[in-house]
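Consider the two complexes below, in which chain A is the common component and chain B and chain C are the respective partners.
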Partner chain A sequence: MARSLPKKDVVIIGLGWTGSILAHELTNAGLDVVALERGPWRDAPTDFPPSTMQDELRYRVRHELFLRPDQTTFTFRNKLSQTALPIRSWGAFMPPNGVGGGGVHWNAETWRFLPSDFVLKTHLTQRYGAAFLPKDMTIQDWGVTYDDLEPHYDRFEYLCGTSGTAGNLQGKLQEGGNPFEGARSRPYPTPAQSQPYSHTLFAKAARELGYKPFPQPSGNLSKSYTNPLGVRLGPCTYCGFCEWFGCANYSKASPQTTLLPVLIRKSNFALRDNSEVVRINTDASGKRAKSVTFVDTSGTEWEQPADLVILAAFSVFNVQMLLHSKIGQPYDPVGNTGVVGRNFTHQTISTANGFFDHNKFNFNPFIASGSIGMCIDEFNGDNFDHGPHGFVGGGYVGQVQTGARPIESTLTPPGTPKWGAAWKRAVRDNYLSTVKPGTGVHGSFYAYRDVYLDLDPTYQDRFGRPLMRMTIDLHDNEVKQNRFLTDKFAEVIKAMGAEQVVKQYRTAPYDVTQYQTTHLNGGAIMGTDPKTSVLNRYLQSWDVSNLFVLGASAFPQNAGYNPTGTVAALAFWAAEAIRTRYLKSPGPLVDA
Partner chain B sequence: MDKESDSDPTVGAVLGRRELLSGTATLLLGVPAAHAGTIFGELPWWPNAGDPPTAVGPGPWLFFNSAEGAAIEALADRIIPPDPQTPGGKDAGCAIFLDRQLAGPYGRQEGLYVRGPFQTGEKSQGPQSEAGPAQKYREALAALDRACQSRQGGKSFAELSTDAQDAVLAGLESGEFKLDGVDGQAFFDQAIKDLQMGFFADPIYGGNRDMVAWKMIGYPGARYNYLDWVKRHNERFPLPPVSITGRAEWTPKS
Partner chain C sequence: MRRAAGVGVLLLIVGCAARAAEPDPQAFSQIERGRYLAVAGDCVSCHTVPGSGTPFAGGRVIETPFGGIVAPNITPDLETGIGAWSDAEFDAALRKGVRRDGASLYPAMPYNAYTKMSRDDVQDLRAYLATVAPVKKWVTAKSLPFPYNHRSAMHLWNALYFTAGEYKPDPKQSSEWNRGAFLVEGPGHCGACHTPKTSLGGDKRSRYLQGSDIQGWFAPNITNDSRVGLGSWSKEDFVDYMMTGHNRITAATGPMAEAVSLSSSHLTNEDLEAISTYLQTVPGGQGAPQTLPADAPVMRAGAAIYRDQCSACHGLDGRGVTQLFPSVADSSMTRSNDPTTSIRIVLRGARSVATAAEPTAPGMPSYGWQLSDEQVAAVLTYIRNTWGGSAAVVPPRAVTKARLERAGRSD
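Right, the complex of A and B next:
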């Protein structure tokens, strides 16, 4: 029997980016807020100080800052006909855990989606006709537009101090920025980061091939910055230990470096860490959330009542929480009924590595930041005519190499033995002169009828609840898209002067052991119709009006960019709707 | 500071900046005890939290027996052979690295999902074995010595000439040299990965002794500031590597 705690105005499940943003906004509105975080408190002095965080084995290889699969994991299969098996050790993605969530160990690539991404179905159908789209593709419009979100993208960038070069200021194209981006109301708060050698070579080669390269928008700051809350960040020192790691230098935008120092000091906010919410409890009508149940480290169950529930866990865990709480109708791909778990997507990633003459090129590849890079956007979204190519979607490509930590970055040219004297020599000769862009090709991943989330019939978590089951495969559209983008990318690497270019296409089947970003999206998507979405355009549950579900779980499909900028913009957008509309008259903000 | 403390029955005495929701601690992977607690008022902090991980010391094997240790040292030197400039895997400490890793959380699959049922699936579904790395190494090294002894005139792997060792390893790699009851190809693949990892990891874990691997490739190690270097293109970075624990020259000889 759970022990009951005093009622709060708001309970927030998960204190990553979206939970922190909502906590800040709703405490500003005068509400009494408690956040429940499954993982521990984390910060630079306690968890990743500058004296010890440069540890590739501990953080990258052994996953120190991530969720442990024995806490919870997923089962996985490619097709409905297969038996899903548990993901026993992380591979394709790295679920976050702890205060700050993925905001602690992200790269801090801070992109906006294209205006056309938000009206994808309408846009593609108008330009190419409905018959151009694969039959089983289930893409949708979002229910919000780029113009709706622009002020909220802006708020997030100014919270973070994002470093970049604007490409489109109030409709006027700007030299050196991304000419394809939506109009922004003002420049980035700080100028773009300095670029290391190989990144500038990529830009030069791209320019010579007729493209318009620009610096990747970066949450690793080019200079010190004081944000609107008065929290200060320092300049990035290009240490090369960013993604997978926490920043010890207060240079990477995270909840810890932008929001938490203010939030924690508010008298109407408290955080409970190491406290895992296991379900949201609804009243007898099923239409109103009354409390959440959580379990602490001793196994004791607690019930936290609240008027408003903000589900702000990592995307797939939001979906899992809805399924375990029996909120919304679970999706069934066979009957094509239900919504929770529908339109689950990831990111279509690949790269091309370049081996250069080590007598001519020394890249010092260890000098980098998590969101360093020079990119081109000619092949993203619908920035080019897809008619001749027979696929839809795209992505940015760029030299976005984030360092050269030696366990993972000692590549050898094709044909080199994997061990022995020849291997050792090749490692020695190539380390400083190899371009290894990591996620150099960053493609969209559109939604399909048979890519979805539901509960597994066999495997259970440590509480005896079913694990969530992922059914996911790469469809022909994404495989074609990736081949096209990877070829375009490799041409630029070749033009940089590489002696050998090794393309690594993304191919089916989707392989859960190969890292493909942690950009898991969908499953609790937003939209305009409760028959095809879990949330309305304000991220409010269609079924339970005092429940808002934040995060990339709301994306109807994924675009060719990193998701965090859009995740955060949606959080500010939802917070504004709660503050200005919901609190005045609690109830559905959109009539079903 | 804490508006909750009067009304919340679960909060007892104020414990500094952090209150325990419940007194029972659990130990997670050697990380300091993770208590559920309430944080409010001030950012949590505690002294010495930033101390480096405990350095691996020399001394006897913690996981391997002497025959296994000899085989792993021989393997380390064939995978990463010594040359005039750079020591081999054995002298670089890669066998010590692997021994300490197998004796620790990695060997035991700590933190991984190890509930059944265990079924074989598609390659895309990832490893589904119940046995962890420690058990797999134990079985594979025994099988390797058995195979060598029966096929190579009674000699264990470590007792073979380096040429004969290379021939055995090439056979494991191609799948032609089979081990009894063990997937020799998968074992050798894992040994390459683990021993090369020890070569390139921070010396604090026992391999990469004196940062020999980092010196070999030109990696400056656990440095933290390249602000002066980001725009100096195509120049060799001049400073020697540092480890998490610094450099030998920085520590007075006792």
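Right, the complex of A and C next:
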């Protein structure tokens, strides 16, 4: 029997980016807010001090900051006909844990999606006809537009101090920025980061090929910055330890460096860490959430009643929470019924590595930041005519090499022995003169009828709850898209002067052991129709109106960009709807 | 009716005389003045166990070189607090160091500073303290070890170090200067930490505010000396620091973080400016040692360590990031004659204070696990003698000593 705690106005499940944003906004509205976080409290100077953080073995190889799969994991399979097995060591993605969530370990690439991304189905159908799309592709419009979200993108960028060069200011194209981006109401808060040599060389080659390269928008700051909350960030030192690492140089935007210092001073905010929420409890009608149940590290069960529940965990855990709480109809791909778990997506990542003459090129590749890079957007979204190519979607490509940490930066050209003196010599000769962009091709991943999340029939967590089962594979559309993008990317690397270019296409089947990105999306998607979405356009549950579900689980499909900017913009958008509309008249904000 | 009322008044007067004074609970201006003096005096710091949620209820152990002293309950609880004290008893405690039972207080209670307040000031303070929530909490005063367990020994101490008497304004100075001097010498009791002490714990008056050892830190020189004091600070620098805990040069940490958080950040701008005006006239002249040449071996070693370990935040130019990472080039703390605080911060790390105006509270990591005593000494010697600064070499044995002393402290 759970022990009951005093009722709060709001309970937030998960204190990452979206949980912190909602906590800040709703405490500002005068509400009494408690956040429940499965992992530990984390603070920049004490948990990832710059004196110990640059430890590739501890953080990158041994996954220090991430959820331990022995606490909970997912099962995985490619196809409906297969039996899924539990993931016992993270590979393709890295589920976060602890205060700050993925905002601690991200690279801080802070993109906006294209205006056409939000009306994808309508846009592609109008341009190419419905028959152009694969039959089992289940892409949808979002129910919000770029213009709806623009002020909220802006708020997030000014919270973070994002460094970049605007490409489109109020409809006027700007030299040096991304000419394809949606119109911005004002410039980035800080100028773009300086770019290292290989990144600069990529931009030069891209320009010569007729593209318009621009610096990747970065939450690692080019200069010191004070955000609108009065929290200060410092300039990035280009140490090259961003992704998978925390930053205590105060130069990577994270909840710790932008929001938490203000949030924890508020008397109407409380946090319980090491508290794992196991379900959301609804009343007898099933239409209203009344509390959440969580378990502390002693195994004690607690019930936290609240008027409003904000589900702000990592995307896959959001979907799992809905299924365990029996909120919304579970998706069934065979009968094509239900919604929870539907339109699960990831990202289509590949790269091309360039080997240069070490007598002529010294890139000092360890000088970098997580979101350093020069990119081109000619092949993203629908920025080009897909007609001749037979696929839809795309991505940005760029020299976005985020460092040259020693363990994983021992690339050698094809034909080099795998060990011995010749290998050592090749490593030495190539370390400074290899371009290794990591996620150089950052492609979209559209939704399909047979890519989804549901509850595993066999495997359970320590509470006896079924694990989340991922059924995911790459479809021909994405494979074609990736081949096209990787070839285009490799042309630029070649034009930089590489002696050898090694392309690493992304191919089917989807491989869960090889790292791509942590951009798992969908499963609790937003939309305009309760038959095909879990949430309305304000991220409010269609079924339980005092429940809002934040995060990338709301993406109907994934675009060719890193998701965090859009995740955060949606959080500000939902917070505004709660503040200005829901609190005045609690209930559905959109009629079903 | 008139007769009945007269009897009532008489009874009331008799009642007051027999028991405690009962300040007028609606004397708004008096209570407000008292509240402000309590903030300036930071009474709540010593008289509250941090995190207890019972302000002024005492029980916090105050560390002194002679042993721990437990601060008493000063809430208006009649039994365990000061609710039953008369005005005269309260005044005697604050301004003469005399306990209610006639024994002497230990000067951990800074009566030698509070004596600069007027009787009215002290009564205002009392009027305010009468309004805080009474807490029933017995606090047992710990006795210091011999010979300090003899409270009568305090008579000798008082004869040596205590001059009773309220602040006398200097007519040759501005009223701003006099206000600053009153706050520093009186309620603010800055000298309690910042003036060096004799072996008996009395102020070395000739070295007024020139810095002192306190609880494993060195409370820096706050005179107008431009090398080791605040001589290079503008009035704005000073107000920023006291109000927000941060300024373009440095940040408050250690005991001063608490002083900023509980006291100075709640003072008025005018008072902080007055304090600055006064401090900028307090001389603290100390001869500067010769700057070490940059090619001295210890300087070259220090430069290499600085570049590797420190420059990411504090910059190759030593100037850091304003209000975020202190400028070790401009900070007089780094050049203090006594390097205790710098050593401690390098060994153990430090967290700066969070205030409403500067919520970030950046922290410095610990390097004690990573750098040897020689390396800590070298990098500090380098910082102290670069960017135009000069200060004595930090001997490795000072780091060894600080490391040992640190091991015995929770923080």
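Things worth noting here:
Methods note: the second predicted complex is superposed on the first by the 592 of 592 C-alpha atoms of A that agree within 3 Å, B and C clash if a C-alpha of one lies under 4 Å from a C-alpha of the other, contacts with A are read in each partner's own complex, and residues count from 1 in each chain.
In the analysis below, a residue touches a chain if its C-beta (ideal position, glycine included) is under 8 Å from a C-beta of that chain, and two chains touch if they have at least 3 such contacts.
In this text, all values refer to a predicted model and were calculated from it rather than measured experimentally.
Shared-chain residue A:G230: touches chain C; no touch with chain B.
Touch criterion met: A:C239 reaches chain B and chain C at once. Of the two partner chains placed by superposition, chain B and chain C are both touched by A:R265.
Using the contact criterion defined above for the overlaid structures, shared-chain residue A:D273 touches chain B, although it does not reach chain C. In the superposed pair of complexes, A:R62 makes contact with chain B only, with no contact to chain C. In the superposition on chain A, A:D377 makes contact with neither chain B nor chain C. In the superposition on chain A, A:D543 makes contact with neither chain B nor chain C.
More chain A residues lie in contact with B than with the other chain of the pair chain B and chain C. Contacts of A:E157 after superposition: neither chain B nor chain C is touched. When the two complexes are overlaid on their common chain A, residue A:P45 makes contact with chain B and with chain C alike. Contacts of chain A with chain B, set against its contacts with chain C after fitting on chain A, overlap at residues 43, 45-46, 49-52, 235, 237, 239, 248-249, 261, 265. Those residues of chain A that touch chain C in the shared complex are 43-46, 49-52, 224, 226, 229-235, 237, 239, 248-250, 261-262, 265. Contacts from chain A toward chain B in the complex involve residues 3, 5-6, 40-41, 43, 45-47, 49-52, 54-58, 61-64, 68-70, 73, 76-78, 82-89, 91, 194-197, 200, 235, 237-240, 248-249, 260-261, 264-265, 267-275, 296-300, 302, 361-364, 366-367, 404, 406-407, 410, 418-421, 423-425, 427-428, 431-432, 458-460, 509-513. Those residues of chain B that touch chain A in the shared complex are 1-4, 7-8, 10, 18, 21-26, 28-29, 31, 34-46, 49-53, 78-81, 83, 86, 105-106, 111-115, 117, 119, 121-128, 166, 169, 173, 192, 196-197, 200-202, 204-205, 213-214, 216-227, 229-231, 233-237, 244. Taken together, the chain C residues at the contact with chain A in this complex read 309, 312-313, 321-325, 349, 351, 354, 356-367, 370.
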